[in-house]
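Once you scroll down, you'll see the structures, which are given as structure tokens.
Below, chain A partners chain B and then partners chain C, in two separate complexes.
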Partner chain A sequence: MPSHIRGIRWLLVLALLALGEVASRSGAVDPAVLPPVTAVVRAFAADAAAGEVLPHVEATLRSYAQGFGLALAVGIGLGVLMGALPGCYGAGRILLEFLRPIPSVAVIPIAILLLGIEFKMRTAVVFYAALWPILLNTMYGIYDVDPAYVDTARIFGRRRGNILRVVVLPAALPYVFTGARIASAIALILAVTAEMVAGSSGLGYYVKSAEMSLRVEEMYGGILLTGILGYLLNAGFVRLERRALRWHRGFTGQLAAG
Partner chain B sequence: MVIRDAGGTAGRRAGVMKPGGLLALVLPLLLAAAAQAGQGQGQGQLQGMTSLRIGVIPIDACTQIFVAHDKGFFERRGLQVSLTAMQGGPAIASAISGGALEMGWSNTVSVIVAAAKGFDFQVVAPGALHLSTNPPTLLLARADSPVHGPRDLEGQPVSANELANITELSVRQWAKRGGANPEAIRFVEIPFPQVEAALKADRVKAAVTAEPFLTAAVARGTARVLADVFSAISPRLLIGSTIARKGWVAAHRDEARRFLEAIVEATAYINAHPEERAAILPKHTRLTAEVVLKITRSNFEPSLRRGDIQPLVDAALEHGLIRSPVNVRDLVADTVPLE
Partner chain C sequence: MGARARWLEGVAGWAVLALALLTWEAAARLSPSRYVPPASQVLATFREVMLSGKVIAGHILPSLRRMALGYGIAVVSGTILGGLLGYWGALFHVVEPVVEFLRAIPPPVLIPFTLLLLGLGDAPKVLVIAFGCLWPVLLNAIDGTRNVNETFKDTARLFGRTSPEIAWQVVVPAALPQVFAGMRTSLSLALIMMVLSEMIASSDGVGYFVLHAQRTFDVPAVYSGILLLGLFGYAFNRVFVRLEGVMLHWHRGYTAKRL
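Moving on to the complex of A and B:
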């Protein structure tokens, strides 16, 4: 990306923060509703220095990592099966299309009943939410592999397992990454939401309890930090994806050039 | 030609790249496993102690539990209590139903409604009271609002923090007693923290709110007190208390009794040392000591009266929240004496 666009991106962020600051300081927006950004940062930094923030970040990341990790394992596994074997797809289709549209937030009360209020419940909810994008993208990724690749490999005498491992899976990897990136954002959202509903720790709990205690600055601080966390996780993913799919980008680049 | 070349490239390169891709997949799993390994420790039980998991809401209505916990009133009675702070009553009730908690904080109307639906939650100790002499929940209107009585609210939006609960019920009762038609009021749900902004923007003509938002909204000049609506139901009411499942109480009568004793001792302590809440509440809630001392404190009494609950049952029945009457004695565990 050209550097001037990169510069503009950050300028936009700064402009938005500055707008918030000015709107609040000038009284255009009630400071009790939207405190100035600098006040938010100051109060939040003080809270963080007092050790009130880090344990909550850890708690959120923990349910995120557990739920998302589980969703990756199960989603990719089932996705490969359903994408590669028409029988599996046929068998699982109705269940998949029934479970998938249920809003993940709606499963929280059930999860509380069955799994309690601690990490087990939150992990399960994150897992449920993150599973579908991974599963579907993997499935369609496998399904969409150009039959010419498979035929070619077969002509070279490769066996089925080998074709799956060497040809089909790598060709589906861009889909898997797309699914995982979407799922990663959803996983963070659900981790925080579950903490807001039933948590006793985590950023969602932090935001909610700040709100209940007239600590508006800390509340906004928690919200900002959640956004930053989401940004960093996504940035990490983009980096990983770029690395793992270098061959893919090179290939499509060649096509475009040719 | 192009395709075969491309396919070959993909296959060959994939062989090289796979460790990286695999690492990307396995890393979160490892993290998860590591996190899991750290779990499950620290739950060690002390010798001869019964462990009790209690769900609390980090608000000053739960002060009795905080005090009993901090002052060792539970421990002295062989109860090893772990408090789980949660943000919502419904989540606490679900967790008690599911067995993740033995006890938890609940408002009284939810217990009444649950009982009418066949759930067996019971009050296991005296809790936070509404007293007309010191009401911690009030109906507010905008400071410059022309609204002065219930009749001015007919056809207007009025907010309760939760519909079909004590706040809505109290406004209905107040309207009815004041000669207005409660059915004509348009109730909307707005959580207490957002009430001040809603009044300011004129999205609602009146709003029920509780501490600490009550004092803040009035002190800032946004709102004025319109009425003590809870008193329209009764001058003294049990707003909320600790509940458990009836089945649990029946199987743990001794623990339930010891819990009650600890709460009664805590109540006496709170009433004898009212200034100490400024030290205790900031430890369990995110309220600052300064805010704690400014707000109307919750009321606690060491004993529970039938009359603390009966008017709520009557009002719930009168306004259609429940269909058939509920016996107050069934709502309170038999370990708790009722006056």
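Moving on to the complex of A and C:
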């Protein structure tokens, strides 16, 4: 990317922020709807300094991390079983086809009935929503492994377990990562939604209660912080993926270069 | 896989489903929990309540209307914007940080903002659905437009086509399969966005219906609402696949012939 474009893109961000500030201060838009950026930062920083923000960030991250981590373990485990053993695939397929179309947020009311309105419920909901992309991608990843790889390993006298570990799993890894990245974004959406629907902590709760008590600056601060959190989680994921799959891309690149 | 193995696999799948339903029914009848109603009761409630005129007119139709509007706005604006940003790559680089940040915001957290901006009624929910569905369409449209085979464009140019002609006759058709892939991802997101926006801020719609049923402990209604949403998800996907087949049949045909 040319360096002058790199400059322009950050100028654009600044210009947008400045535009918001001016529009609000001049009264072109109602400050009660869109307060000046500086007022948002000031009010939100004051709230954060009073210790009113960090516990909510922790609460959101906790249900996100617990639910997502559990989904990784179960999703990859089941995905490997269903991808590698045709019997497991056959047994689970119809059940999967029935459960998959249900929009994940719809399970929130059941989760509230069974698990209450706090952490247990939110973690369970995040887990359920994050499970599907991971499970399906792992399964398809293993399904899509070039049979020639497996045959080659078999000719060289490898055993089934060894082939799975050395050949099949690495070949399926890019799929698993894609599934996990999609699942991570959905996990955050579900965590926030569950906090807005029920319970008394988390960023979703913070934003909703700020809106209901008409603390508009704090509301915008919470929205921006949630966006930053989502951005950082995604950026971290992309970086991790790039590092873990370096061999993969390098390999593909060499082949393409001939 | 032989025909026999495939047959066995199919039988195993349906057997597991039947077993799951039976286990559910038995567990619900035996268990003291009133939060897990038997499957038969859920089906009865589904027939009586979900398919009643009151619920269809009061909840199901408003939900479908919002979803169709939000999804439609996302598809149209995402395709047009994505086509432009893909065509002028420099423009995309300039707006990229803004796009990346907006895309990272979980849509539900924007609901209070849309309420403030647009008041009550359909508009804030439609906006949230459109916002949530925009990104897969937009990014796929950008990617699809950028990755059009240069040879196609050069060939068209060689045959004396003007730039608008090339855009319309070469770039758009070549990018279309990827736009459709984005639209498919967005379709399942649209259903999720519809439900969550109605759960967080609404007094009608299927999302509201389900949450309200939970709050009034009408447990069979909760489950039958979820069943309806599952059927929606299944039906939308089927219709989309059919539509995609009609719209892109030239593409598949072409590829298949080449192979």
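Assume the second predicted complex is superposed on the first by the 236 of 258 C-alpha atoms of A that agree within 3 Å, B and C clash if a C-alpha of one lies under 4 Å from a C-alpha of the other, contacts with A are read in each partner's own complex, and residues count from 1 in each chain.
Everything below uses one rule, namely that a contact is a pair of C-beta atoms (placed from the backbone, for glycine too) under 8 Å apart; a residue touches a chain by one contact, two chains touch by 3 or more.
Model, not experiment: these values are computed from the prediction.
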{"item": "Partner chain in contact with A:Tyr149 - chain B first, chain C second, else both or neither", "value": "first"}
{"item": "Which superposed partner A:Arg122 touches (first chain B, second chain C, both, neither)", "value": "neither"}
{"item": "First, second, both or neither for A:Ser200, with chain B first and chain C second", "value": "first"}
{"item": "Which superposed partner A:Pro109 touches (first chain B, second chain C, both, neither)", "value": "both"}
{"item": "Which superposed partner A:Ile76 touches (first chain B, second chain C, both, neither)", "value": "first"}
{"item": "Partner chain(s) touched by A:Arg243 [first = chain B, second = chain C, both, neither]", "value": "first"}
{"item": "Which superposed partner A:Tyr220 touches (first chain B, second chain C, both, neither)", "value": "second"}
{"item": "First, second, both or neither for A:Arg181, with chain B first and chain C second", "value": "neither"}
{"item": "Contacts of A:Gly90 with chain B and chain C, given as first, second, both or neither", "value": "second"}
{"item": "Residues of chain A at both interfaces, chain B in one complex, chain C in the other", "value": "32-33, 109, 112-114, 196-197, 208, 210-211"}
{"item": "Residue ranges of chain C in contact with chain A within the complex", "value": "1, 5, 8-10, 12-17, 20, 35-36, 90, 93-98, 100-102, 104-113, 115-117, 188, 191-192, 194-196, 199-200, 207, 210-211, 213-214, 219, 222-223, 225-226, 229-234, 237"}
{"item": "Of all residues in chain B, those that touch chain A in their complex", "value": "2-4, 6-11, 13-15, 17-18, 20-21, 24-25, 28-32, 35-36, 39, 55, 58-59, 84-88, 90-91, 94-95, 97-101, 192-193, 196-197, 200, 212-213, 216, 220, 285-288, 291"}
{"item": "For the chain A and chain C complex, residues of the former touching the latter", "value": "1, 5-6, 8-10, 12-13, 16, 32-33, 86-87, 89-95, 98-110, 112-114, 185, 188-189, 192-193, 196-197, 203-204, 207-208, 210-211, 216, 219-220, 222-223, 226-228, 230-231, 233-234"}
{"item": "Of chain A, residues touching chain B in the complex", "value": "30, 32-33, 62, 65-66, 68-70, 72-73, 76, 109, 112-119, 123, 146, 148-149, 152-153, 166-167, 169-171, 173, 196-200, 205, 208-215, 218, 240, 243-248, 251, 255, 258"}
